[in-house]
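Pasting the structures in now, so scroll down.
Heads up, the next two complexes both have subunit A, just with different partners, subunit B and then subunit C.
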Partner chain A sequence: MNRIMIETVQHSNYLEVKLLISEANLDIAEQFKSEMLQLLNRGNNYIIVNFQNVIYVDSSFLGALVSVLKHAMGKKGDLAVAELNKDIGNLFNLIRMNKVFKVYNSIPDVFA
Partner chain B sequence: MFLHKNRFAAISEIKRDFLFNNETSALFPVLNEIISFIRVHLPSRSHDGKISNCKQILIELLTNAVKHSGTKSTVLSVSIMDNKIEIGKSDTGRQFYLDNYTGWPPITWPISKRYIGEKIRIYEDDISDLYAIIQNENQIVFELQEYPVQKLRSDSNLLEHYGLLILTKMSDEFIYAYDPAICSNLFKVVIALDY
Partner chain C sequence: MLENRKKILLVDDDRMVLQLFSHALTNEGFQCFPADSVKEAILILANEIPDIILSDYLMPDQDGFDFRKYVLLDKRLKNIPFVFLTSYTDRKLMQQGLDMQAVDYIDKITPVPLVISKLNNILHTISKEHEKSIYEIRAAAEALNLRSVPAEPPRLDGYFLNFLYKSFEDYPGGDFIDFITIDDKYTFIILGDVMGKKWGAWFFSFNFLSYIRSAIRLCVFDENFSTSSILHKINKVILMDPVLSDVLSTLTLLMLEHETGELHYSGAGDLPLVLFSANENELVAVQSAGLLLGVMQDGLYDEKTVTLNKGDQLLVVSDGMIEFSRKDGGKKSDYDLFFSQMKSYLGHENSFNLIKDVTFSAERSKELIDDCSLIFLQKN
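Moving on to the complex of A and B:
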């Protein structure tokens, strides 16, 4: 059975998707991707994923995130990430995902 | 479990094995157990960056075990030396598969001697290529070639398979070795320590 994985908050020009899980790994990557695609299909073209509760990210989850980014760009939208912990920030910097995704230290007022 | 510290040799080595049952529910507890072990032996804050790399490397090795080994358990061996950390992941499951990436006849392990030195591109996208270089009949080493990240477009080609790329990028050496005598697969990662 699927777990409740995300909570959404509407901001001025984007949707915040708060991850409620602490382990962003292969077990939940597919469900995350499909829930995100539903949000995009409902017209939420600008999304920021809030990683506040997440302890670690594995390559499967990262793959899902990139796949969602590509869908967002196909809709002339964008996907950003926020509140990465130190280890996840280190991962993003080393494999240059910080250049693929906009990275916010904290949830911004507007997606800019 | 094996715990050993050689106090008399010029280079000390602390080594311990950890058993993983290849279930995602055990991934985080095993990760914490191994990171605690490393921290005890490398308490200086100056190692925090390398320990963060070790954490991600372990996540990828454990994820790889769940996804690809096809066995009930995996052994993670961690060796802490004066100037490096070595992490090995071994199992007796599926061998590393190279066939999809070449136009050659099917490749079986041990690899035919005529392929030694060949560089096989196993992934490519707009920002990086990943190669497997055949070092000998039973061993390949992974190598990453990176390209500048251009402004992304909707038709940009980006990988969605980051496991091997992360392992290659976050380590100083990353190899796969097959031991035909015991049908064992080993992924070995070396992380150099800065002093």
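Moving on to the complex of A and C:
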């Protein structure tokens, strides 16, 4: 049994995955990826990951996130991120993750 | 120095025992996390990974064996040394505990100093075993000539080129560095970071390096020295490789023309270069547009050209260099902070050593949370 790391909320045309951890790092990257792949396999092709609770992201977690995006794209779906804090937002811009993912300031009504 | 203290999770429903051991172990330099039930212990484990667990066997609701089973099922926790602490001396139960890969059994009537010695011995033995395993794997990698970082930088006439590399907790990691000099006229400078840490990332760094080296050589054969075109080719091959399809890497690729000082730069999800201009006496960040390798067919790889003049200095860094501790003990990535720190160190004759002494000091190394790499280039 693993610790509970995500919480899901169904929206009109996408699934919101809220991260319940403050440090998104190597320790949880693998579990995150496998839980996300399960969600994708259950037909949730459009997912927005909510980073509201997250203070720090390391490269292992970013790797897991991109890997999930690639799976989503393989299913003709998409993965976006929302509510990045200032540091994480800066990092996304700095390494061009903002061109890889759609970045929402807040959880949108629809995935567009 | 709370961070260097060994963390111990103590689980016992008897608060007296819990208090006694917490007090004694804290005095001995342990950082204690006391829990008076398995439920509370599980809550603690959601946020803390202890170095060792000391747990009572007989407890109401869930007992020590239930707890051990829980720990064994969690990949993050199953390798933490687990010691049963109990007043129960039934041999059958002791055997059952040891069968569940508990490393030892300590009777509660054992004097506290002896318990502490025992715990220290267990931690010491495990750390020695660990060092030995790492040493053996390293020796094997060296025997196979598997290196993700060169032994020495090349010597270039008219330039000073050097690098710094420190791996996370001394494990080989995902950062890789290479220099390829062609006909004493051109030098390709490579810094990459395979996402992930420790062995997994280290292993894949060789695959990436092999592709990068081949792509550079093949392009040079065709007299194609364009860094963006090389990056496009590397990205295409990586996207086709089923083994690497789930692995991602950053890459900074520079091509220096020795004679002119012209530097061509293309990057893939890398951090901006830090360029010190001696004429202007200022620092600028040079950012590329390219995406991480292995994400999309069109990686948007552009090519920037800067000309190095006498006294100009350039830094290429991996993301470990911009990670800092927050006031609350957590971590943060802060490129701006790194950039402003570099203002004090660049522009001096001994800039490389200044950076080395500060950012790669023994003190700073303890705070490292990732591989750290830095390449330094100066035109003399």
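Everything that follows uses one rule, which is that the second predicted complex is superposed on the first by the 111 of 112 C-alpha atoms of A that agree within 3 Å, B and C clash if a C-alpha of one lies under 4 Å from a C-alpha of the other, contacts with A are read in each partner's own complex, and residues count from 1 in each chain.
Methods note: a residue touches a chain if its C-beta (ideal position, glycine included) is under 8 Å from a C-beta of that chain, and two chains touch if they have at least 3 such contacts.
Just so it is clear, the structure is predicted and the values come from calculations on it, not from any experiment.
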| item | value |
| --- | --- |
| Subunit C versus subunit B on the shared subunit A, clash or fit after superposition | clash |
| Touching partner for A:Lys99 - first (subunit B), second (subunit C), both, neither | both |
| Subunit B versus subunit C as contact partner of A:Arg42, first or second or both or neither | neither |
| Partner chain(s) touched by A:Ser67 [first = subunit B, second = subunit C, both, neither] | both |
| Partner chain(s) touched by A:Ser59 [first = subunit B, second = subunit C, both, neither] | both |
| First (subunit B), second (subunit C), both or neither touched by A:Asp27 | both |
| Set intersection of subunit A contacts, subunit C complex versus subunit B complex | 23, 26-27, 55-56, 58-60, 62-63, 66-67, 69-70, 87, 90-91, 94-96, 99-100 |
| Subunit B partner contacts - residues on subunit A that touch it in the complex | 23, 25-27, 55-56, 58-60, 62-64, 66-67, 69-70, 73-74, 76, 86-87, 90-91, 94-96, 99-100 |
| Contact footprint of subunit C on subunit A as seen in their complex | 1-3, 22-23, 26-27, 29-30, 55-60, 62-63, 66-67, 69-70, 87-88, 90-91, 94-97, 99-100 |
| Footprint of subunit A on subunit B - complex, ascending | 24, 27-28, 31, 49, 52-53, 55-56, 59-60, 63, 66-67, 127, 146, 149, 152-154, 156, 158-163, 165-166, 169-170 |
| Subunit C - residues contacting subunit A, complex | 45-46, 49, 70, 73-76, 174, 193, 195-197, 201, 245-248, 250, 269-272, 287, 289-292, 295-296, 300, 319, 323, 326, 330-336, 369-370 |
